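Heads up, there are several structures right after this.
Both complexes shown next keep subunit A, but they swap its partner, so subunit B is in the first and subunit C is in the second.
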Partner chain A sequence: MSDFLISFWQTYNTLFYTIFIHGMLGLSIYLTLACGLLSLGNAAFMGIGAYTSALLTMKAGFPFGISLIAGGILPSMVALAIGIPTLRLSGVYLAMATLGFGEVVRVVLLNMEITGGSMGINGIPQKTELWHLVLIMGIIIFFFIRLRDSKYGRAMEAINEDEVASSVMGIRTTYFKVWTFTAGAFIAGVAGGLNAHFTYFISPREYGFEPAVDILTFAILGGTKTFWGPIAGSAILTVLPEMMRFMGPYRLAVNGIILLLVVLYLPNGIVSRGTFISLKKLFSERKSNA
Partner chain B sequence: MKLPIRKIFSIFAVSIIACIIGCGKTDYLAEGIKIGVAEALTGPIAKYGVPIKNGFTLAAEEINAAGGINGKKINLVVDDEQGKKEEAINVFKKFIHKDKVLAIFGPTLSNSAFAADPTANAAKTVVFGTSNTADGITAIGPYVFRNSITESDILPEVVKMAKNKLNLKKVAMMYGNDDAFTKSGYDIFKKAVGAEKLQVVATETFAKGDIDFSAQLTKIKNLNPDAIICSALVEEAANIVLQARKLGIPANIHFIGGNGFNSPKLAEIAGNASEGIINGSPWFLGDPNKKNVAFIAAYKKKYGSEPDQFAAQAYDALYIMTEALKTLKFTGSLEDARTELRDALAKVKNFDGVGGNFSFSENRDAVQKARVLIVKNKKFTIYSE
Partner chain C sequence: MFYQQLANALALGAVYSLFAIGFTLIFGVMEIITLAHGAVFMVGAFAGYTAATKFGLGIIPCLIISMAASGFIGFVLDLVAIRPLRKKKFHHLAPMIATIGCATIITSIYQGIFGAEAYRFPFDFVPNENYEFRGIQLTQLQLTIIFTSFILMIMMIFFLNKTKWGKAVRAVAENSRTGALLGIPVERVYQFTMIISSSFGGAAGVLTGLNFNTIHTFMGGPILHRGIAVIILGGMGDIRGAMAGGLILGFAEVLSVAYISSDFRDAVSFGLLFLILLIRPSGIFGKKIERKG
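The block that comes next holds the complex of A and B.
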């Protein structure tokens, strides 16, 4: 048994690590989505965090913990700086502005000397361990549980439902929007730092447009009604392609079909009332048939 | 209806136990000599990954048809890594710990190799790159090999030869600055140009996916260089060459290209504009070497298209691996065999493949002669006369 477990763990540990990283990224975009903001800048924040912490551990010799925190703080500072002007935009316009920001970050990473340009940074020491991921994920989940019924959480929900009404009610909408944007950037940055320290290598192409959309998909597939949605969504989207490996070249097609079915039949995501109701129905039908 | 939970649970438990017993006894030679092939078979990088896979498959079929290695068949375990680093790591770990392969070929991109090769090196499993040309790949560790000769071996030769033949004095340079491959090509060109004391009149950049290069080319045209050095992938390269000729840059101003120019697609897209492109490669389609002619014929018969450099290097790589495998005794455990293979592979010298004479250097890089080529009648031929 232990042999089997060891070989299973050796084979799939990176996959588990990736589930945690993707979960954090899903949560980072959930924060802004919960406020009714469609931001596509999280891949860029992840990139800033990854480069910051990788450079700090490699060039400055900082301990892992400190470089991780720095990898969270720098992107949140950037988020604060760009959030104040851009968060006056909403919907598609905000999405475009953040997408543009993502491109800026990618091109800057490409052209800076210290980031290694398009060759990226190679030979990052492997520091991330499972307990780091579990601990940080635990802290983030605890934060989200506490947030849900707090003043901040309720304000976010109010803004999501109706921004004008909530501002009339005396909620400082811009303040809360900038706050969620910054906190989301912090989580994405830490996730980037953790990711950089187990994949040995980072390059600008990992933080471009495609990953930005991937992160959004985690949240949309899982559902954005509660924070469990993005966690479930990212876990599913990470494990599914690996489980479909036996399908050979068609595995991504199957992946796409499953996504399509979820969107068609569970438009609010996997963790939503829709799933709950259909599960209930399924079981009650079975009962009446028996 | 009550679900038979106990029954389901017991079936589950039995199957797990069966699997453990089954897995525990896996003899690593039971299904032949297992070798993992991790390449990008889907996504944008697939255009490089698929020919590589084809090259391996063809070589494996030939070797097995000829009786295998001391009677044992080669069993290629092929898996897709999509050109993404996490995927490459996952596939490598699956190969090493689950499929229990003896060695791994791949991954397609140098970027993925930087992420995945340390995994194989830590597990003391040979990883053999056939398309990784970036600096520092083999420095990852003693289990990392490659037979792709790097651009830093080829491009200086190309620049030197072109300078001598065409009496170059001043050149213009162009490169894609958002891609590791084209950027590193440019860096090497720049060094080579400096070493040959050529004057650079302009350095222009573009991005992957650009289709209009007239701004850069007009500027270059006005500066009137003797040649244009260009580090681009094949799509952009073809467009650049086409547009340059359309803008009236005369044909006696040759293009000198990096490794990205090294594709039959270039002449296909650019047509007559491709005449006179100078390029370097360890392998080319028109090489009359007997092994190469046979390889091209077999490849065409099986896949219906001409092989490219990547297919040729993969094909050679499996034969190089075979040289090493022939000397193995397979007496010990899988771990022993993996280490023995590493030592045997490091000793391969003077292998005669489709790309000519090949040896591994001390650092497990390729030692192979670069050939300078020029496009004539839409075909690459040896540049000499």
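The block that comes next holds the complex of A and C.
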């Protein structure tokens, strides 16, 4: 048994690392989705964080912790700069501005000298340990638990339900929207830094439109009613591709189909009351049939 | 030199306008943003390419086939992703996310079939001749692109303003409930809007493929970003704004490549988008936007 466990761990330990990193990314987009906003820029924020922290540890010799935090702060500054003009308007503008923004980040990373162009950065010291991930994930989850019943969490829920009504109630909607967008960028940046120090290779291609859609799929599949949704969604979608290897080039289509089916049939995601009710129905039907 | 650049910009911008006109019409009528419009564009380009290489057809039949193919994809998109959501009371993000899913499905199927390599239209598909007009060189290709785009766009404007169906489309765009009360078949109008807008996207795909002489399965992404910039520039849902916005983006891109650097060509559209969001979020011709709940 222990032999089996050891060989299992040796084969699949990278998968656990990836589950944690994807979980953080899912949570980073959850913040904006919980406000009823669609941000397609989280992959770009992850990229900014990854490059910042990798360059700080490699070129400037910063300790790992500090470069991680810097890798969170820079994307959130950028998010602030994009968020203030776009979030004054309706949510649609954020989706479109972030879509374009992701492209710009990719182009800039491709053309700058310090980022290594299309070759990316190679040989980043591997500093991410599993316990770092567990610790940071724990901090983030603690933050989300505290957030849920706080002023901020309730404001987010109100804005999601009805933005006009909540602004009439005296909630500063733009302030809260900018805040969630910025905080999401911070989490994505930290996740990017952790990922860079785990895969020791980063290139602009990893932060384009497709990863942005992947991150969105994590959150939509899991559901955005509670923060456990994106965590569950990213765990499922990290393990699933391993089983889908036989699909070859059509593997990406699976993501698309999941996205479509969830939006149509499970609008609140997997971790929601809807699933619970339909499961209950399924089981009670089985019982009555038997 | 400057006038030469303007001629190039006109060919580029005309195609952007053609792509954005459908994109903005969908938003105007259905109040959704289909992020699958880039994939529809790619489908149109490949349909035109297949018609040209497999059946050896000329440019006009190719355009018609490509418009039919992409119009069909638009119809399927509406049937599969958008109509079911319309039936329910949906969250305003739902159609956007559903169309992202559709775009991913379409693109990955095409990547499975055509792979990642670039395809070219047959040599001499458009005769390789130059015309000189007061020192400005215009290739026949550029002229074809400019004329086709403008003829299609004028047809669209004529259709919307003068025909019965066009008036129905505009009425639904104004207020779908009142339209329904007046006896307009609103569902059919939505379907029709998706088909016609997508077919315009497909035509833009063929023309872009000709302009750059490459077609590949990733071509939907960049045009989608530009389309977004253009419709915000022109004011969302505004047909004439989209036309003007496309031309402005074309000029901005060509001039930035000519006088600054070609590395950041893909970033110009975002710069423009960001600028307009800061200064005049309702678009260049836009009125003040009322916030809707």
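Following the convention adopted for this analysis, the second predicted complex is superposed on the first by the 258 of 290 C-alpha atoms of A that agree within 3 Å, B and C clash if a C-alpha of one lies under 4 Å from a C-alpha of the other, contacts with A are read in each partner's own complex, and residues count from 1 in each chain.
Just so it is clear, contacts are C-beta pairs under 8 Å (C-beta built on N, C-alpha and C of every residue); 3 or more make two chains touch, one makes a residue touch a chain.
Computed from a predicted model, the values in this text were never measured in an experiment.
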| item | value |
| --- | --- |
| First, second, both or neither for A:Asp162, with subunit B first and subunit C second | second |
| Subunit B versus subunit C as contact partner of A:Ser150, first or second or both or neither | neither |
| In the superposition, subunit B vs subunit C on subunit A residues touched | C |
| First (subunit B), second (subunit C), both or neither touched by A:Ser284 | neither |
| Partner chain(s) touched by A:Gly36 [first = subunit B, second = subunit C, both, neither] | second |
| First (subunit B), second (subunit C), both or neither touched by A:Glu103 | second |
| Subunit B versus subunit C as contact partner of A:Ser203, first or second or both or neither | first |
| Partner chain(s) touched by A:Val263 [first = subunit B, second = subunit C, both, neither] | second |
| Set intersection of subunit A contacts, subunit C complex versus subunit B complex | 107, 110-111, 248-249, 251-252 |
| Parts of subunit B lying in touch with subunit A, wherever the complex brings them together | 1-2, 16, 19-20, 23-24, 41-42, 79-80, 85-87, 89-90, 93-94, 96-98, 111, 114-115, 118, 134, 136, 140, 177-180, 183-184 |
| List of subunit A residues in touch with subunit B within their complex | 1, 3-4, 7, 10-15, 18, 107, 110-111, 117-120, 122-123, 126, 199-201, 203-206, 241-242, 245, 248-249, 251-252, 286-287, 289-290 |
| Contact footprint of subunit C on subunit A as seen in their complex | 33, 36-38, 82, 85-86, 88-93, 95-97, 99-101, 103-104, 107-108, 110-111, 162-165, 208-209, 213, 216, 220, 248-253, 255-260, 263-264, 267 |
| Interface residues, subunit C side, partner subunit A - complex | 33, 35, 80-81, 84-85, 88, 90-94, 96-98, 100-105, 107-109, 111-112, 221-222, 224-225, 228-229, 232, 236, 263-264, 266-267, 269-271, 273-274, 277-278, 281, 289, 291-293 |
